[in-house]
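Each chain gets a letter, A, B, C, D and E, in the order it is written, and its residues are counted from 1.
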Amino acid sequence: MSTWWTLTVGGLASGAVYAALGLSLVIIFRATRVVNFAQPALALLSTYFAFTVNQITGTYWLGFAVAIVAGAVLGALSDRLLIRPARAHGELGSVIVTLGLLLVVQAIAGMIWTSEPRSFGYAFDFRGLFSAASVFAVLVVLVTAAGVLLLFKFTSLGLRMRAAAFAPEAAALAGVRVGLMVTAGTALAAAVGALAGLLAVPPLLYPTVLDGIFVYSLTAAVVGGLDNPIGTVIAGFGTGIGLSYVSGYLGPELVTLASLAILVVVLSVRPHGLFGRGLARRV
Amino acid sequence: MTLSLSSVVTKYGAVRALNGVDLSVPDGTLTAVLGANGAGKTTLLRTISGLVAPSSGSITFDGTEITGLPADRIARMGLGHVPEHGGVIRELTVRENLRLGGLWCRNPAFDEVLDLFPPLTDKLGRQASTLSGGERQMLAIGRALMGKPRVLLLDEPSLGLAPLVTAAIMRVLRDLRDRTGLTVLLVEQNARSALSVAERAYVLALGAVALDGSAESISVEALHEAYLGVNR
Amino acid sequence: MSLLLRHVLFALAALAAVVLVTMVVDPFTNVRIATVGYYLVAVAGLTLLTGGNGQISLGHGAFMFIGAYTVGLLVIYVPSLPFWVDLLLAGVTAGLAGMLTGAAAARLHGPYLAGATLGLAVGLPAITQRFPDFLGGSNGLAFTVNSLPVGLEVSQTQWQAWVVWTTALLVLVLLANVVRGRFGRLLRAVRDDEVAAAVSGIHIGRTKIMAFLLSSACGGLAGGLQAFLLGTAAPGSFSVALSLSLLAAMVLGGVGSLWGALWGALALVYVPAWANDVTHSLDLSTNITQNLPLAVFGAVLVVVVLVFPRGIHGAVARLWQSIRKGRP
Amino acid sequence: GERPAGGGAASGDSAPGVTGDTVVIGTHQPLTGPAAPGYSRISVAAKAMYSYINDKGGIHGRKIDYRVEDDGYNPTRTVEVVKKLVLQDQVFAIVGGLGTPTHSKVVEYLNTEGVPDVLVSSGALMWDDPASKQTFGFQVDYTREGRIQGKYIADQLPGKKVGLLFQNDDVGRDAQKGLDQFIADRTVTRQAYDPANTDVLPQVNALKSAGAEIVVCSCVPAFTALSILTAARLGYQTQFVVSSIGADPATLTGLLQDFAKRGGTEVSAPALLNGMIGTGYLPDAGRTDDPWIQLFREVHAKYMPNEPLTNTVIFGMAQAYTFAQALKLTGRDLTRAKLVQAMESGQINGPGVTPFGFSAQSHSGYTGAYVFQVNPDSTTREIQPPMTTDREQGAIIPAPTARKSPAEVALVGP
Amino acid sequence: MIELLSIEKVTVRFDGLVALRDVSLAVEDGTVLGVIGPNGAGKTTLFNVVSGLVRPQSGTIRWCGTQLHGHRPDSLASMGISRTLQGLGLFPGMSVLDNVLVGAGPLARSGPLSTLLGLRRAARDEAELRDRAMETLEGLGIAGVHAAMPSSLPYGIRKRVALARALVAEPRLLLLDEPASGLAADEIDELEERITALSTRCAVVVVEHNIDWVMRVCSRVVVLDFGEVIAAGRPAYIQNDQRVIDAYLGVPA
């Protein structure tokens, strides 16, 4: 098998992970206009729940389900308790609150499960370049992205969620239950985040495991256009494959530098990402 | 009485923007609210539609107490509000803005709105931010009409609109009132044009009703006096 | 009294106070005072950019990285340069890098700017891995800055605290001039409404780039001071966590205010230390002890933003006002 | 008031941190942040060992007060916390400070301040530097270990192609210096990994493409596990030879165990680890016949029963024990200078299976290693007895077999 | 009379939509030109083209005889052209005085370095600007609120702040986008006087839908419809043009 092929397929698998976490960032951004730094933390906590359920029951899928549900609940809670009050303090206030939450959650994970890495398995057999686990990851991400796109583009729920995020007051005047929509969006985002965690973590789970992945996912979301789920998924896979090539052909130490380069190049040509668009008119 | 307020007080911090307002809007009428800059007109509408909570007093809509209810509940009860300076959602397309207005309505007034505002027709797919100032105002009014409200609160709807369009809106409001019993509470800076369409008028000064009565009964002199009351 | 004179007098008084304090406290407190000093420079620079100009940078640690490595490399390869030239060059190098960043970032807003600067914080320190022989790989550089003038009978830590604070106060005087002066007004205008600023005759891109330049020069200077103080420059010190804590410190202190930068820098040094001490004094299981300080720091961030949205500076100002009002 | 700069504190009658009944020591460890996974348990184990010693009455009547500061593996914070330990907590010595990038930044400071800096938790070469009189290593240095591995491969696995996989810091660099003396000509590829990037597919794929029949892995445990899994993913059969820092079967089993549950026997942890070759200088946690392991197991059961017993735990305990031994040798009359003398006395002979290099001329920690192989049941068997050597070109010779037992050291108790 | 601004055959398209088609007009010194037309006719776009916020697909713009080519919005203020934005466009985070001082920026003479160092020169410069800004505020009768934040002021006052910001730099051409909208009747009358007074010092172009007011204030009126000039001339003439009545007025005003 050629190196190129291996790097491509390997990059595709990690790209699925970036796409999934990026997707959850897009959803929460669409629902709240906030980039949620606590997103990986909620995903982490959900994945730890899955880990514990796995340990106790020995069934992977029960843990999987628990994680998704837990993600949704955690997302809703974090919105009600922290993000919503923080939104009143502007973009910066929200960034700091979500950062604070990230630290607290990572610390709590460390307290409960220690900082030591734990073994966390794949959904399916991981062996083989095109392993069942990778195929599963890619499929799940594509399906989720399509679902999210349909939701936002074609359903009234999606329209209400977007309206609530962009202009809470105008949305309320149109009868939209803004609070509910925002919470629903946050919950959905965190559930997708939990999914991303389940795909990203294997084989090892520890409190800081998603830090690096978060950076690449944010890169993907920003490069794809934070408002655009499909763009983010494409950018997620692109980032995964691109970084895999950099790592394989140029050296692993250049991967972070390469992600910076991707950001700079894309954003200087398109300030709202490849597939995003800002306000078309400002006067 | 579709809408009635009694002793409503609304504060922004220490500022009493509404200071004991009593007001009633009978079914199927067009009522104008006049007053100088800062008299509290906008605050009055925002208080009614639930965007700000009054600190005391009560508001009823169709006999139901709506004081303190969230704005979205009130909106779904059939009360439309076109806020000051539009309130279109600039990031959404024109069509999406309109759809949003009609979510709670079984057959939204889509065609009617486009008939009223022809410039919107060929811009349905465009982002609302690209619209001109007047087109945005049309969109805001159109969105409120989409849901076929029973009461419509309009905060300076003619702002930035061409004379023809303003006239058309007034015509439609009167027409809707006659056909469907729509009740309108209209805030306008241009007292003369407001009085020419309204049956009743309230004049606010310093957050309280300084004058009220039928539109004909309010003379320009009386208006001036009420306005000048601000400087008393 | 001109703005400059007032600021300079204030700075001199502050320096005198710092010197006085360093004379009486123990050496470790001196280390901490100096640490507060260099964080102050970094946070003050950031507050100019974010509070003044509305550009969020999640990557200011990268400029500290540049400053620290500049000093490190100069000390190692050009030992003849006096240390203050090294510091100056640290500011200049980082300022230039900031200018480039600003040029690339001038059209970016909100999360896009945040994402790009985060990429900077993550990506830039990786250069050390590419040039391990020159930049020391992940071990970084270790060096000693011997700056204590011969004949001056004070301890190393006192001297270092003085140097750091002299620099910091100098920077603050400059920043205060900027914030209070015309340029500060331009920054704020661009922050509030770019279109309105442009039609009022402000060159948006240039203004943003200038803001980035000044701010990153402060970051570089802070990094240079850190290197001067600690004798190290290693990539592990300039992680995303550093950039994010600078941002957190700024918000904690109160965005847009130079006083806020001081509170933020104090918080950056003392909140974790205090959390650590408290944790150690409690008898808890090791898993909890190991993680509690982190949790406390995170919780402090959340609470301050939600309860004191204008940061410590806002709270202090309010307190001060009510004291003054309360006086008969 | 503060002492003018330049005056050392190395001499003097009253040693900082020492009172009639306690001695305060400090360390910097990554308890949070990127390096916490893998190393956060070392200080937990050391603390357990000190508690054990204190409960038995301490050393010369003094209890050991062990202060652990979290540096998050961030060199700046290392400098800060070490200054705090020295200036504010007034520790007697720094013991087992962890990490090369971190600890290297405080060596000069500790030496100018005259603070003993013993048993550094890293195998870098720089701890054994004549300029740093206060600093002593602990682990076998990466070059010595590399030489022993290189020689073993050259002698025992002749003719096979070798690929190197290493952490791209001095762990990797120093190890290659040793390996290259023996197997440079058979090395077909060298792959570095970045500790922050857990995707090692490109590297493992390159090793596979180059046809490496042996992979020498100078890796921390997480990356040993990742490499083994990635090899399994690619269906790549190769002989792993792993350095002591990443070869602990107990840790690796923990890291790989979930695959045993899910994937059937073929990918169970024991199957994945079976046949792996590793080097070590401390007795393996699984060697219940070793008197030291018996002691450590006793301490483990009593003081940290909820933690898995891994070689990381053994590392922390052995290090703590070694320091206590040095304290004991120093005598009741404690000074920093005397501690350094005791360290250099050559009489410290601890849990490790190879001797320390400590003398007035050398501050090297353990000077050699044994080679082991993992059995199908994840226990280990020694396949080459402990050897000792130097970091240059010196001979690799069998280590002295005589090793004191805990009873002979008689550290504590009546 | 000097021709200050001349626009020749300007066309602007926004993907598929023609906002301006071959529009030509000229502004002479000391006149008040009204631009009216239905919503979406292209009035604001015309201002945007002059300000450099929108690039025309074709056509030329001359300022005092020299062609502006690819000019940037920020270069206009120093050339002597000021504009207000439709709506308000104030800086919400800055006091009234600061808002106006921003507009005074083009008058500043001290360089960035002296500002940075807080030199005496900069201080003097700043004091001058401040006086100038206060004068302008006084002229509009709002000096009393110079320390207030815009959000705390009634709409009418805020509109005056926006006007002050455009006026402070003493422009030779003032572009006002719907200056009377949202104002009360007496404020509108005041504004009329003010603009009439201004026209002795500079040329003014107003876009406005209050047609009575336009007729009173302007000496010439240009009517746009679907991006095209459909009529131009004296107010009295425009008012009776059938195309204007059909497209815009509805009934003769």
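We take it that a contact is a pair of C-beta atoms (placed from the backbone, for glycine too) under 8 Å apart; a residue touches a chain by one contact, two chains touch by 3 or more.
Only a predicted model underlies this, so the values are computations on that prediction, with no experimental measurement involved.
Path length between chain B and chain C in the chain contact graph, taken as the least number of steps between touching chains: 2. For the pair chain A and chain E, chains touching both partners: B, C. The most distant chain from chain B is D, comparing centres defined as mean Cα coordinates. Centre-to-centre, using mean CA coordinates, chain C is 42 Å away from chain E. If each chain is reduced to the centroid of its CA atoms, chain D and chain E end up 75 Å from each other.
Remark: chain B and chain E have CA centroids separated by 30 Å (rounded to whole angstrom). Put simply, the C-alpha centre of chain A and that of chain C have 31 angstrom between them. Residue positions of chain D touching 2 or more other chains, listed in rising order: 31-34, 36, 40, 168, 194.
With touch defined as above, residues shared between interfaces to two or more other chains in chain A number as follows: 106-107, 110, 114-115, 211, 251, 253, 255-256, 282-283.
For chain B, the set of residues that touch two or more other chains comprises 130-131. Contact between chains, using the touch rule, shows up for A-B, A-C, A-D, A-E, B-E, C-D, C-E. Remark: chain A residues 283 touch chain E in the complex.
Residues of chain D that touch chain A in their complex: 31-34, 36-38, 40-41, 168, 192-194, 196-199, 201-203, 205-206, 209, 221-222, 225-226, 229, 232-235, 254-259, 261-263, 267, 269. On chain E, the positions that touch chain B within their shared complex are 14, 17, 37-41, 43-45, 86-87, 154-157, 178, 181-187, 209, 211, 247-250, 253.
Residue ranges of chain D in contact with chain C, taken from their complex: 1-5, 31-34, 36, 40, 43-44, 47, 67, 69-70, 72-77, 79-80, 83-84, 87-88, 100-102, 104-105, 107-109, 168-170, 173, 194-195. Those residues of chain B that touch chain A in the shared complex are 49-51, 70-72, 75-76, 80-81, 83, 87-92, 96, 99-101, 103-104, 126-127, 129-131, 143-144, 147.
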